[in-house]
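Consider the two complexes below, in which subunit A is the common component and subunit B and subunit C are the respective partners.
Showing the complex of A and B:
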(Lines of atoms letter the chains of each structure in order from A and count residues from 1; the text may use other names and numbers.)
(Lines give C-alpha, C1' and ligand atoms only; values in the text may rest on other atoms or scores of the structure.)
Protein backbone atom coordinates (compact mmCIF):
# COMPACT_ATOMS: atom_id res chain seq x y z
CA UNK A 1 0.00 0.00 0.00
CA UNK A 2 1.14 3.60 -0.49
CA UNK A 3 0.58 7.16 0.62
CA UNK A 4 -1.38 9.70 -1.41
CA UNK A 5 -1.39 13.39 -0.59
CA UNK A 6 -4.02 15.61 -2.18
CA UNK A 7 -3.69 19.38 -2.00
CA UNK A 8 -6.96 21.12 -2.67
CA UNK A 9 -7.34 24.82 -3.42
CA UNK A 10 -10.86 24.81 -4.84
CA UNK A 11 -13.97 26.01 -3.02
CA UNK A 12 -16.59 23.63 -1.67
CA UNK A 13 -19.25 24.57 -4.19
CA UNK A 14 -18.54 25.41 -7.80
CA UNK A 15 -16.11 23.51 -9.92
CA UNK A 16 -16.80 19.99 -8.54
CA UNK A 17 -13.05 19.67 -7.87
CA UNK A 18 -13.85 19.48 -4.16
CA UNK A 19 -16.31 16.64 -4.67
CA UNK A 20 -13.75 14.81 -6.82
CA UNK A 21 -10.97 15.18 -4.25
CA UNK A 22 -13.10 13.77 -1.43
CA UNK A 23 -14.29 10.82 -3.54
CA UNK A 24 -10.74 10.03 -4.66
CA UNK A 25 -9.53 10.22 -1.05
CA UNK A 26 -12.27 7.82 0.04
CA UNK A 27 -11.57 5.37 -2.79
CA UNK A 28 -7.88 5.38 -1.87
CA UNK A 29 -8.40 4.90 1.88
CA UNK A 30 -10.93 2.15 1.18
CA UNK A 31 -8.21 0.34 -0.78
CA UNK A 32 -5.92 0.52 2.22
CA UNK A 33 -3.74 3.46 1.23
CA UNK A 34 -2.76 6.24 3.62
CA UNK A 35 -4.31 9.55 2.53
CA UNK A 36 -3.50 13.13 3.49
CA UNK A 37 -5.79 15.97 2.46
CA UNK A 38 -4.58 19.56 2.59
CA UNK A 39 -6.89 22.59 2.28
CA UNK A 40 -5.60 25.96 1.22
CA UNK A 41 -7.05 29.07 -0.46
CA UNK A 42 -10.82 28.66 -1.08
CA UNK A 43 -10.85 25.07 0.15
CA UNK A 44 -9.90 26.43 3.58
CA UNK A 45 -13.40 27.82 3.90
CA UNK A 46 -14.91 24.36 3.74
CA UNK A 47 -14.26 22.94 7.28
CA UNK A 48 -17.09 25.07 8.67
CA UNK A 49 -19.52 23.14 10.89
CA UNK A 50 -23.28 23.10 10.36
CA UNK A 51 -23.41 22.89 6.58
CA UNK A 52 -26.96 22.28 5.36
CA UNK A 53 -27.13 19.32 2.99
CA UNK A 54 -29.35 20.55 0.19
CA UNK A 55 -30.53 18.07 -2.45
CA UNK A 56 -28.48 18.12 -5.69
CA UNK A 57 -25.96 20.49 -4.12
CA UNK A 58 -22.32 19.92 -3.26
CA UNK A 59 -21.97 19.03 0.39
CA UNK A 60 -18.72 18.75 2.26
CA UNK A 61 -19.32 18.22 5.95
CA UNK A 62 -20.70 14.68 5.95
CA UNK A 63 -18.11 13.17 3.57
CA UNK A 64 -15.34 15.07 5.38
CA UNK A 65 -16.35 13.67 8.77
CA UNK A 66 -16.53 10.21 7.19
CA UNK A 67 -13.01 10.53 5.78
CA UNK A 68 -11.65 11.61 9.16
CA UNK A 69 -13.32 8.60 10.76
CA UNK A 70 -11.67 6.39 8.15
CA UNK A 71 -8.26 7.71 9.13
CA UNK A 72 -7.64 10.32 6.44
CA UNK A 73 -5.56 13.17 7.83
CA UNK A 74 -7.35 16.40 6.92
CA UNK A 75 -5.49 19.65 7.56
CA UNK A 76 -6.45 23.19 6.76
CA UNK A 77 -4.26 26.26 6.38
CA UNK A 78 -4.98 28.21 9.57
CA UNK A 79 -4.38 31.60 7.98
CA UNK A 80 -6.58 30.87 4.97
CA UNK A 81 -9.36 29.53 7.19
CA UNK A 82 -9.27 32.41 9.64
CA UNK A 83 -9.36 34.82 6.70
CA UNK A 84 -12.65 33.16 5.73
CA UNK A 85 -14.18 33.25 9.20
CA UNK A 86 -13.49 29.63 10.01
CA UNK A 87 -11.81 29.05 13.37
CA UNK A 88 -11.29 26.18 15.80
CA UNK A 89 -14.60 26.82 17.56
CA UNK A 90 -16.81 26.64 14.46
CA UNK A 91 -14.84 24.07 12.50
CA UNK A 92 -15.54 20.38 11.99
CA UNK A 93 -13.92 18.34 14.77
CA UNK A 94 -10.91 16.29 13.72
CA UNK A 95 -9.64 18.74 11.11
CA UNK A 96 -6.05 19.64 11.86
CA UNK A 97 -4.76 23.22 11.78
CA UNK A 98 -1.32 24.09 10.43
CA UNK A 99 0.54 25.98 7.73
CA UNK A 100 2.11 25.15 4.36
CA UNK A 101 5.00 23.28 5.97
CA UNK A 102 2.51 20.51 6.94
CA UNK A 103 1.61 20.07 3.27
CA UNK A 104 5.24 20.12 2.12
CA UNK A 105 6.24 17.54 4.72
CA UNK A 106 3.40 15.25 3.64
CA UNK A 107 4.35 15.69 -0.03
CA UNK A 108 7.92 14.59 0.71
CA UNK A 109 6.64 11.51 2.51
CA UNK A 110 4.16 10.48 -0.15
CA UNK A 111 4.27 8.00 -3.02
CA UNK A 112 1.80 10.04 -5.05
CA UNK A 113 0.82 13.70 -4.91
CA UNK A 114 -2.08 15.43 -6.61
CA UNK A 115 -2.31 19.20 -6.36
CA UNK A 116 -5.73 20.47 -7.42
CA UNK A 117 -5.57 24.18 -8.08
CA UNK A 118 -8.18 26.75 -7.25
CA UNK A 119 -10.65 28.63 -9.38
CA UNK B 1 8.93 9.74 -16.18
CA UNK B 2 5.41 8.33 -16.21
CA UNK B 3 3.09 11.32 -16.09
CA UNK B 4 -0.63 11.29 -15.37
CA UNK B 5 -2.50 14.46 -16.39
CA UNK B 6 -5.93 15.09 -14.94
CA UNK B 7 -7.94 17.12 -17.44
CA UNK B 8 -10.94 18.59 -15.61
CA UNK B 9 -12.23 21.10 -18.16
CA UNK B 10 -13.54 20.95 -21.72
CA UNK B 11 -11.19 23.40 -23.41
CA UNK B 12 -10.26 22.69 -27.02
CA UNK B 13 -6.69 23.99 -26.71
CA UNK B 14 -4.18 21.13 -26.37
CA UNK B 15 -1.02 23.23 -26.77
CA UNK B 16 0.19 22.60 -23.24
CA UNK B 17 -0.38 18.87 -23.56
CA UNK B 18 1.46 18.76 -26.89
CA UNK B 19 4.56 20.19 -25.19
CA UNK B 20 4.70 17.35 -22.69
CA UNK B 21 7.08 14.53 -23.65
CA UNK B 22 7.29 12.10 -20.75
CA UNK B 23 8.32 8.50 -21.19
CA UNK B 24 4.66 7.56 -20.70
CA UNK B 25 1.68 9.94 -20.77
CA UNK B 26 -1.73 9.21 -19.35
CA UNK B 27 -4.58 11.68 -19.81
CA UNK B 28 -7.28 11.19 -17.19
CA UNK B 29 -10.53 12.94 -18.07
CA UNK B 30 -12.62 14.01 -15.06
CA UNK B 31 -15.36 16.55 -14.45
CA UNK B 32 -16.19 18.44 -17.63
CA UNK B 33 -13.00 17.02 -19.14
CA UNK B 34 -14.97 13.83 -19.90
CA UNK B 35 -16.64 15.67 -22.79
CA UNK B 36 -13.35 15.18 -24.69
CA UNK B 37 -14.12 11.46 -24.59
CA UNK B 38 -17.50 11.61 -26.27
CA UNK B 39 -18.31 14.95 -27.92
CA UNK B 40 -17.72 15.54 -31.63
CA UNK B 41 -17.57 19.05 -33.08
CA UNK B 42 -18.31 19.34 -36.83
CA UNK B 43 -18.01 15.56 -36.93
CA UNK B 44 -14.51 15.66 -35.46
CA UNK B 45 -13.42 14.05 -32.18
CA UNK B 46 -11.51 16.15 -29.70
CA UNK B 47 -7.96 16.94 -30.90
CA UNK B 48 -6.80 15.92 -27.42
CA UNK B 49 -7.38 12.30 -28.46
CA UNK B 50 -4.83 12.66 -31.29
CA UNK B 51 -2.01 12.98 -28.76
CA UNK B 52 0.33 10.03 -28.18
CA UNK B 53 -1.09 9.02 -24.79
CA UNK B 54 -3.29 6.57 -22.92
CA UNK B 55 -6.75 7.97 -22.29
CA UNK B 56 -9.07 7.35 -19.39
CA UNK B 57 -12.40 8.85 -18.31
CA UNK B 58 -14.17 8.74 -14.95
CA UNK B 59 -17.31 6.68 -15.37
CA UNK B 60 -19.26 8.60 -12.71
CA UNK B 61 -18.61 11.92 -14.45
CA UNK B 62 -19.61 10.46 -17.82
CA UNK B 63 -22.86 9.07 -16.44
CA UNK B 64 -23.85 12.26 -14.58
CA UNK B 65 -23.54 14.05 -17.90
CA UNK B 66 -25.65 11.50 -19.81
CA UNK B 67 -22.65 10.09 -21.69
CA UNK B 68 -22.87 6.33 -21.52
CA UNK B 69 -20.22 3.83 -22.67
CA UNK B 70 -21.70 3.56 -26.17
CA UNK B 71 -20.83 7.23 -26.82
CA UNK B 72 -17.23 6.82 -25.68
CA UNK B 73 -14.38 7.15 -28.19
CA UNK B 74 -12.71 3.76 -28.53
CA UNK B 75 -9.35 5.24 -27.45
CA UNK B 76 -10.73 6.08 -24.00
CA UNK B 77 -10.96 3.59 -21.15
CA UNK B 78 -13.73 4.20 -18.57
CA UNK B 79 -12.66 4.01 -14.90
CA UNK B 80 -14.32 3.85 -11.53
CA UNK B 81 -12.80 5.74 -8.58
CA UNK B 82 -11.30 2.47 -7.38
CA UNK B 83 -9.73 1.86 -10.79
CA UNK B 84 -8.38 5.41 -10.70
CA UNK B 85 -6.65 4.80 -7.38
CA UNK B 86 -4.96 1.69 -8.80
CA UNK B 87 -3.97 3.61 -11.93
CA UNK B 88 -2.39 6.39 -9.87
CA UNK B 89 -0.37 4.04 -7.71
CA UNK B 90 0.58 1.50 -10.37
CA UNK B 91 0.94 3.35 -13.66
CA UNK B 92 1.85 7.02 -13.17
CA UNK B 93 4.43 8.36 -10.71
CA UNK B 94 3.82 12.06 -11.23
CA UNK B 95 0.39 13.68 -11.44
CA UNK B 96 -0.70 17.10 -12.59
CA UNK B 97 -4.10 18.77 -12.62
CA UNK B 98 -5.34 20.96 -15.47
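Showing the complex of A and C:
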Protein backbone atom coordinates (compact mmCIF):
# COMPACT_ATOMS: atom_id res chain seq x y z
CA UNK A 1 0.00 0.00 0.00
CA UNK A 2 1.13 3.53 -0.71
CA UNK A 3 1.18 6.89 0.95
CA UNK A 4 -0.79 9.77 -0.51
CA UNK A 5 -0.41 13.36 0.68
CA UNK A 6 -3.01 15.91 -0.34
CA UNK A 7 -2.28 19.62 0.01
CA UNK A 8 -5.56 21.50 -0.06
CA UNK A 9 -5.66 25.29 -0.46
CA UNK A 10 -9.29 25.79 -1.56
CA UNK A 11 -12.13 26.94 0.69
CA UNK A 12 -14.94 24.65 1.82
CA UNK A 13 -17.41 26.81 -0.10
CA UNK A 14 -16.61 28.20 -3.54
CA UNK A 15 -15.59 25.23 -5.63
CA UNK A 16 -15.76 21.45 -5.71
CA UNK A 17 -12.09 21.15 -4.78
CA UNK A 18 -12.66 20.67 -1.07
CA UNK A 19 -15.36 18.03 -1.55
CA UNK A 20 -13.23 16.25 -4.12
CA UNK A 21 -10.15 16.19 -1.88
CA UNK A 22 -12.05 14.74 1.07
CA UNK A 23 -13.78 12.12 -1.07
CA UNK A 24 -10.48 11.13 -2.64
CA UNK A 25 -8.87 10.88 0.79
CA UNK A 26 -11.67 8.60 1.97
CA UNK A 27 -11.49 6.40 -1.12
CA UNK A 28 -7.72 6.03 -0.68
CA UNK A 29 -7.87 5.23 3.04
CA UNK A 30 -10.69 2.73 2.41
CA UNK A 31 -8.40 0.93 -0.02
CA UNK A 32 -5.78 0.66 2.70
CA UNK A 33 -3.48 3.51 1.73
CA UNK A 34 -1.95 5.90 4.23
CA UNK A 35 -3.34 9.42 3.64
CA UNK A 36 -2.13 12.79 4.89
CA UNK A 37 -4.21 15.93 4.41
CA UNK A 38 -2.68 19.42 4.70
CA UNK A 39 -4.84 22.55 4.93
CA UNK A 40 -3.37 25.89 3.95
CA UNK A 41 -4.75 29.18 2.64
CA UNK A 42 -8.58 29.23 2.54
CA UNK A 43 -8.82 25.51 3.38
CA UNK A 44 -7.40 26.42 6.80
CA UNK A 45 -10.71 28.05 7.66
CA UNK A 46 -12.51 24.72 7.38
CA UNK A 47 -11.60 22.84 10.60
CA UNK A 48 -14.11 24.91 12.56
CA UNK A 49 -16.44 22.84 14.73
CA UNK A 50 -20.16 23.45 15.07
CA UNK A 51 -20.80 23.86 11.35
CA UNK A 52 -24.49 23.86 10.58
CA UNK A 53 -25.30 21.51 7.74
CA UNK A 54 -27.51 23.65 5.52
CA UNK A 55 -28.55 21.79 2.41
CA UNK A 56 -27.54 24.66 0.11
CA UNK A 57 -23.90 24.63 1.22
CA UNK A 58 -20.98 22.25 1.25
CA UNK A 59 -20.51 20.72 4.67
CA UNK A 60 -17.03 19.85 5.89
CA UNK A 61 -17.24 18.89 9.53
CA UNK A 62 -18.89 15.48 9.30
CA UNK A 63 -16.67 14.12 6.48
CA UNK A 64 -13.57 15.56 8.15
CA UNK A 65 -14.36 13.89 11.47
CA UNK A 66 -14.98 10.63 9.60
CA UNK A 67 -11.58 10.86 7.90
CA UNK A 68 -9.83 11.44 11.22
CA UNK A 69 -11.64 8.42 12.70
CA UNK A 70 -10.41 6.34 9.77
CA UNK A 71 -6.82 7.31 10.49
CA UNK A 72 -6.20 10.09 7.99
CA UNK A 73 -3.70 12.55 9.42
CA UNK A 74 -5.19 16.02 9.04
CA UNK A 75 -3.08 19.08 9.77
CA UNK A 76 -3.82 22.75 9.35
CA UNK A 77 -1.44 25.67 8.91
CA UNK A 78 -1.67 27.38 12.28
CA UNK A 79 -1.08 30.91 10.98
CA UNK A 80 -3.59 30.47 8.11
CA UNK A 81 -6.25 29.16 10.53
CA UNK A 82 -5.68 31.84 13.17
CA UNK A 83 -5.96 34.52 10.46
CA UNK A 84 -9.40 33.10 9.69
CA UNK A 85 -10.63 32.99 13.28
CA UNK A 86 -10.10 29.26 13.79
CA UNK A 87 -8.10 28.36 16.87
CA UNK A 88 -7.46 25.30 18.99
CA UNK A 89 -10.52 25.94 21.20
CA UNK A 90 -13.04 26.14 18.35
CA UNK A 91 -11.43 23.62 15.99
CA UNK A 92 -12.47 20.05 15.29
CA UNK A 93 -10.72 17.68 17.69
CA UNK A 94 -8.04 15.53 16.14
CA UNK A 95 -6.89 18.10 13.60
CA UNK A 96 -3.17 18.74 14.06
CA UNK A 97 -1.68 22.24 14.13
CA UNK A 98 1.67 22.95 12.55
CA UNK A 99 3.45 24.89 9.81
CA UNK A 100 4.62 24.27 6.26
CA UNK A 101 7.43 21.94 7.27
CA UNK A 102 4.77 19.37 8.31
CA UNK A 103 3.57 19.29 4.69
CA UNK A 104 7.11 19.00 3.29
CA UNK A 105 7.93 16.19 5.72
CA UNK A 106 4.81 14.26 4.67
CA UNK A 107 5.67 14.86 1.01
CA UNK A 108 9.13 13.44 1.65
CA UNK A 109 7.61 10.12 2.69
CA UNK A 110 4.87 9.99 0.07
CA UNK A 111 4.51 7.92 -3.07
CA UNK A 112 2.09 10.43 -4.56
CA UNK A 113 1.30 14.08 -3.82
CA UNK A 114 -1.78 15.91 -4.97
CA UNK A 115 -1.45 19.64 -4.49
CA UNK A 116 -4.82 21.35 -4.96
CA UNK A 117 -4.37 25.09 -5.24
CA UNK A 118 -6.69 27.76 -4.01
CA UNK A 119 -8.34 31.00 -5.11
CA UNK B 1 18.65 8.50 3.78
CA UNK B 2 17.19 10.34 0.81
CA UNK B 3 16.97 13.73 -0.75
CA UNK B 4 13.63 14.63 -2.31
CA UNK B 5 13.65 17.31 -4.99
CA UNK B 6 10.57 19.51 -5.15
CA UNK B 7 9.63 22.05 -7.82
CA UNK B 8 7.48 24.94 -6.60
CA UNK B 9 5.90 26.65 -9.60
CA UNK B 10 4.27 30.04 -9.04
CA UNK B 11 2.10 31.46 -11.81
CA UNK B 12 -0.27 33.74 -9.86
CA UNK B 13 0.40 37.50 -9.65
CA UNK B 14 1.19 39.24 -6.34
CA UNK B 15 -0.68 41.56 -3.94
CA UNK B 16 -4.11 40.39 -2.72
CA UNK B 17 -3.62 36.82 -3.84
CA UNK B 18 -2.25 34.72 -0.98
CA UNK B 19 -1.09 31.95 -3.29
CA UNK B 20 2.28 33.34 -4.50
CA UNK B 21 3.35 34.12 -0.96
CA UNK B 22 2.43 30.59 0.09
CA UNK B 23 4.62 29.27 -2.73
CA UNK B 24 7.59 31.09 -1.23
CA UNK B 25 6.82 30.20 2.40
CA UNK B 26 6.24 26.52 1.64
CA UNK B 27 9.51 26.36 -0.29
CA UNK B 28 11.33 28.14 2.54
CA UNK B 29 10.09 25.52 5.01
CA UNK B 30 12.86 23.23 3.72
CA UNK B 31 14.98 25.03 6.32
CA UNK B 32 13.07 23.47 9.21
CA UNK B 33 11.67 20.24 7.74
CA UNK B 34 14.63 18.20 8.96
CA UNK B 35 13.31 18.25 12.53
CA UNK B 36 10.50 16.00 11.28
CA UNK B 37 12.62 13.74 9.06
CA UNK B 38 14.90 10.79 9.72
CA UNK B 39 18.63 11.47 10.12
CA UNK B 40 20.16 12.28 6.74
CA UNK B 41 16.87 12.84 4.92
CA UNK B 42 16.53 16.18 3.16
CA UNK B 43 14.22 18.20 0.93
CA UNK B 44 15.68 20.31 -1.87
CA UNK B 45 13.27 22.86 -3.29
CA UNK B 46 13.55 25.03 -6.38
CA UNK B 47 11.15 27.96 -6.54
CA UNK B 48 10.19 28.95 -10.10
CA UNK B 49 8.22 31.99 -11.28
CA UNK B 50 6.43 31.68 -14.62
CA UNK B 51 3.65 33.48 -16.50
CA UNK B 52 1.92 36.20 -14.45
CA UNK B 53 3.95 34.88 -11.52
CA UNK B 54 7.05 36.78 -12.69
CA UNK B 55 5.30 39.98 -11.50
CA UNK B 56 6.08 38.76 -7.97
CA UNK B 57 9.73 39.40 -8.72
CA UNK B 58 9.44 43.16 -9.29
CA UNK B 59 11.23 45.24 -6.70
CA UNK B 60 9.68 48.23 -4.95
CA UNK B 61 6.37 46.49 -4.15
CA UNK B 62 4.00 48.62 -2.04
CA UNK B 63 1.75 45.90 -0.58
CA UNK B 64 2.35 47.11 2.97
CA UNK B 65 1.51 50.72 2.09
CA UNK B 66 -1.59 49.86 0.07
CA UNK B 67 -3.02 46.72 1.68
CA UNK B 68 -1.23 46.58 5.03
CA UNK B 69 0.22 43.17 4.25
CA UNK B 70 3.73 41.89 3.62
CA UNK B 71 4.70 41.91 -0.04
CA UNK B 72 5.99 38.94 -2.00
CA UNK B 73 9.18 40.98 -2.36
CA UNK B 74 9.86 40.54 1.35
CA UNK B 75 9.32 36.79 1.10
CA UNK B 76 11.59 36.57 -1.92
CA UNK B 77 14.34 38.39 -0.05
CA UNK B 78 13.98 35.88 2.78
CA UNK B 79 14.21 33.03 0.25
CA UNK B 80 17.49 34.44 -1.07
CA UNK B 81 18.75 34.91 2.46
CA UNK B 82 18.30 31.19 3.18
CA UNK B 83 20.06 30.27 -0.10
CA UNK B 84 17.02 28.94 -1.90
CA UNK B 85 17.36 28.54 -5.65
CA UNK B 86 14.83 30.88 -7.25
CA UNK B 87 14.30 30.79 -11.02
CA UNK B 88 12.47 33.45 -13.02
CA UNK B 89 11.35 32.63 -16.54
CA UNK B 90 13.33 34.76 -19.01
CA UNK B 91 10.72 34.63 -21.76
CA UNK B 92 7.89 35.69 -19.43
CA UNK B 93 9.95 38.61 -18.09
CA UNK B 94 10.48 39.71 -21.70
CA UNK B 95 6.75 39.38 -22.41
CA UNK B 96 6.06 41.88 -19.63
CA UNK B 97 8.94 44.15 -20.69
CA UNK B 98 10.66 43.67 -17.35
CA UNK B 99 14.42 44.20 -17.29
CA UNK B 100 16.70 42.20 -15.01
CA UNK B 101 17.62 45.34 -13.05
CA UNK B 102 13.94 45.69 -12.08
CA UNK B 103 13.78 42.40 -10.19
CA UNK B 104 14.25 41.79 -6.49
CA UNK B 105 17.62 41.29 -4.84
CA UNK B 106 18.51 40.96 -1.18
CA UNK B 107 21.90 42.63 -1.20
CA UNK B 108 20.67 45.06 1.48
CA UNK B 109 20.12 42.03 3.75
CA UNK B 110 23.54 40.59 2.96
CA UNK B 111 22.37 37.71 0.79
CA UNK B 112 24.83 36.32 -1.72
CA UNK B 113 22.17 34.46 -3.64
CA UNK B 114 20.32 36.22 -6.47
CA UNK B 115 17.20 35.49 -8.45
CA UNK B 116 18.26 33.48 -11.49
CA UNK B 117 16.74 34.50 -14.81
CA UNK B 118 16.61 31.29 -16.82
CA UNK B 119 15.05 30.14 -20.09
CA UNK B 120 11.77 28.20 -19.79
CA UNK B 121 13.67 25.11 -20.89
CA UNK B 122 15.59 25.18 -17.58
CA UNK B 123 12.34 25.37 -15.60
CA UNK B 124 10.95 22.48 -17.63
CA UNK B 125 14.06 20.44 -16.80
CA UNK B 126 13.65 21.33 -13.10
CA UNK B 127 10.09 20.02 -13.19
CA UNK B 128 11.25 16.83 -14.91
CA UNK B 129 13.94 16.23 -12.30
CA UNK B 130 11.66 16.88 -9.32
CA UNK B 131 9.95 14.00 -7.52
CA UNK B 132 6.90 16.17 -6.88
CA UNK B 133 5.62 19.42 -8.40
CA UNK B 134 3.65 21.92 -6.32
CA UNK B 135 1.77 24.45 -8.41
CA UNK B 136 0.83 27.78 -6.85
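We adopt the following convention: the second predicted complex is superposed on the first by the 118 of 119 C-alpha atoms of A that agree within 3 Å, B and C clash if a C-alpha of one lies under 4 Å from a C-alpha of the other, contacts with A are read in each partner's own complex, and residues count from 1 in each chain.
Quick note on the criterion: a contact is a pair of C-beta atoms (placed from the backbone, for glycine too) under 8 Å apart; a residue touches a chain by one contact, two chains touch by 3 or more.
These numbers come from a predicted model, not from an experiment.
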Discussion item. Quick check on the superposition: with subunit A as the shared anchor, is it clash or fit for subunit B versus subunit C?
Written reply: fit
Worksheet item: Given the touch rule stated above, what does A:24 touch, subunit B (first), subunit C (second), both, or neither?
Response: first
Practice prompt. Considering only the touch criterion stated at the top, classify A:115 as touching first (subunit B), second (subunit C), both, or neither.
Written response: both
Worksheet item: Touching A:96 in the superposition: subunit B (first), subunit C (second), both, neither?
Response: neither
Item to complete: Check the residue A:33 against both partner chains and state whether it touches subunit B (first), subunit C (second), both, or neither.
Response: first
Response to the item:
Superposed, subunit B and subunit C have a smallest C-alpha gap in Å of 6
Worksheet, complete the sentence: subunit A positions within both the subunit B interface and the subunit C interface are 113, 115, 117
Response to the item:
As the complex stands, subunit A meets subunit C at residues 7, 9, 40-42, 99-105, 107-108, 110, 113, 115, 117-119
Practice prompt. Mind listing the subunit B positions that touch subunit A in their complex?
Written response: 6, 8, 30-31, 60, 80-82, 84-86, 88-89, 93, 95-97
Worksheet entry | subunit A-facing residues of subunit C, complex | 2, 4, 6, 12, 17-19, 22, 25-26, 28-30, 32-33, 35-37, 41, 43, 45, 132-136
Discussion item. Looking at the complex, which residues from subunit A come into contact with subunit B?
Written reply: 2, 4, 15-17, 20, 23-24, 26-28, 30-31, 33, 111-117
